[in-house]
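Next, two complexes with chain A in common: one pairs it with chain B, the other with chain C.
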Partner chain A sequence: MGNQKLYKGSLQTIILKLLESNDKMYGYEITQHVKELTKGELQITEGALYPALHKLEADGLLDVEVAKVGNRLRKYYKLTENGTKETANKLAEMQEFLKTMQHLVNPKFSLE
Partner chain B sequence: MELTTQQIHKVEEYLNSKNFGFIDLRVEILDHIISDIENFMQKNISFENAFAMTRIRWEKHFRETSSFYFGMFFSESKIVVKKAIKQFRSFYFLYLTAYILPVLIFKLFPVNATVGFANFVNGFLLSFSAVMVCYVVYIFIKTIVSKQKTTFSFILKTQYFGIIFLILGAVLGTVFNEEGELNPIFTGFVSAGFAVVFICHYFFKKHQEAIQKYKIS
Partner chain C sequence: MELTQNQINQLYKFTRQHYVYHYDVQTELVDHLANDIEEICTETPSLSFEEARDKSFKKFGIFGFMDVIEAKQKQMNKRYRKILWRFFKEWFTLPKVLLTFGFTILLFFILKIPFSEYVILTALFGIVVFDMFQIYKQRKQQKQKQQKQEKIFLLEAMIGETRQGFTGLAFINIFNFINLTNVSFSSLDNSWLLVVSFSAVLIIILFYVTAYLMPNKAEELLEETYPEYKLVKSL
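Our next item is the complex of A and B:
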């Protein structure tokens, strides 16, 4: 819970990754899924989620579909073709970042 | 447990009381609040209590706030301002560059033109700027008349005042003086003014697209 600031810069990558694995999702579902996957460690606030989703939509990475569910409307998001490519790039960037951080935080000394 | 139409109506009234009519956000915010309430109700909490707890959680997102990007005079719900910043940030830098770059360039490399050419450019800029000012006035009226609120209409509202740059640079002043020397400050004003027109045009289109997209909803 105290690490929210560290996760802030990775919100778009998290959203893209979730949509890559789940075809289409709606806002509330994304927050619950992240909460569940991280066992409550990361809680995406609505105030950060929707502006990020709308930015990804404006950048052409997400497509939207509005459907009637019960007696209300629900907006679903799914990856576009560009979004799928961008997800792969962002995940590669993230792996690289994690590797660098690992070297910095936990350096392995060698005599070579 | 799914909310009844009457209970959903109460949630809609809550959004109305917060003056939250932004159609590009409303559908999913409404759905999210309802899902929150339903989640509480699954734990055997009454609708009234679940709604009260959800309202406490959402209150911070509806709190009026302003941003450095739009000026302190313009405030809206925090969630709207956050979305607006994400959409507007790159345009803010375009706006600054459009002003600063010509000023720097023409201060460093002064330009002199023949009086005939200078008069032609001044005349052209005056006419073109007048058309652009009229276009922004058209956008302003169209947005007011449509009565629909989107995050983009909020951004537009914060940008209209920028048209003053075009009026200062090309209508009240002139880019070239009587001797044919280019005035870097007025050139910066005109350039910033055109950037404002472009920004208004871009967000007006986005506003109209959003109305088209969510009108059915």
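Our next item is the complex of A and C:
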């Protein structure tokens, strides 16, 4: 498991990206999905995930849907129209960030 | 292994014990814990339900559900302000804007009467007493709800609380201010009087929206905010 702090600032982008490719997801599903995709490298903690989801919802990027599953209620999140636009922006920002980090960390490979 | 209804109910109780009082926030946490417990029990079947639950709860960190509650509260504050603004704005569109300005002008002429302070003080006193009575009635209802352990949604609680805070703070303060400073409104400039009347009308609209309009429309607002509201009430 790598340094979780490094991932912290990217949590919202990760959530948005996941929702972009999965239509609708619930909280627990997101944590499991990330764990699976990163082979356990990144583990989103519960204490960070829900506040991030609520913040995105407050900003109007996410919409919620509730369904009864078995004997309990489940809250699904999905992107709003604004959310889809914002996802594209955030992903572009992320690419920029990765490129910059690459330059900083590995200067010899940056002979562009 | 799927959790039983009884275990789900226990999880609701568990969240309440950890300071999550509102049903909407509880529900999301209960589903999360339930999924995690099911997973933990599949991995290590020897663990009891309670042990698995505690193990799952630990993952939330030392502050437990606090971060989640805080984020939810912030989100709901934003939503509350948006709704309030929506109703408030209505008073500045036709036809209600005529009433708004009508009241302002009426108040302006009342303030021009010598010794109008006493008229205002009496009116304020009347409002405070009347509203205290309303609050008392509402508190009683709320207590009954709590005793019956009805599901209370966060926004529902906020609509109630804001209403209770308003009279206490705003009107009593204004009452004291007028009483202590002994301003004589009728001797003020016309332009100042207009400012005073208009601000007073703004406060009254704000009071009316938070204390009467929103609680009266609470049901509608909750349905609009919570997709699960109807589902839950029909359970």
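Keep this in mind: the second predicted complex is superposed on the first by the 107 of 112 C-alpha atoms of A that agree within 3 Å, B and C clash if a C-alpha of one lies under 4 Å from a C-alpha of the other, contacts with A are read in each partner's own complex, and residues count from 1 in each chain.
The definition used in the following text is that a contact is a pair of C-beta atoms (placed from the backbone, for glycine too) under 8 Å apart; a residue touches a chain by one contact, two chains touch by 3 or more.
Because the structure is a prediction, the values reported are computed rather than measured.
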Combined model on chain A where chain B meets chain C, clash or fit: clash
Touching partner for A:Val66 - first (chain B), second (chain C), both, neither: both
If touched residues of chain A are counted for chain B and for chain C, the larger one: C
Partner chain in contact with A:Tyr50 - chain B first, chain C second, else both or neither: both
Which superposed partner A:Tyr26 touches (first chain B, second chain C, both, neither): both
First (chain B), second (chain C), both or neither touched by A:Lys75: both
First (chain B), second (chain C), both or neither touched by A:Ala58: both
Residues of chain A contacting chain B in one complex and chain C in the other: 26-28, 46-48, 50-52, 54-55, 58, 66, 69-75
Chain B-facing residues of chain A, complex: 26-28, 46-48, 50-52, 54-55, 58, 66, 69-75
In the complex with chain A, residue positions of chain C that touch it: 2-5, 8, 27-32, 34-36, 59-61, 63, 67-68, 70-72, 74-75, 78-79, 226-228, 231-232
In the complex with chain C, residue positions of chain A that touch it: 26-28, 45-48, 50-52, 54-55, 57-58, 64-66, 68-75
Partner chain A, residues of chain B touching it in the complex: 2-5, 8, 24-25, 27-32, 34-36, 58, 60-61, 78-79, 82-83, 85-87, 151, 206, 214, 216-217
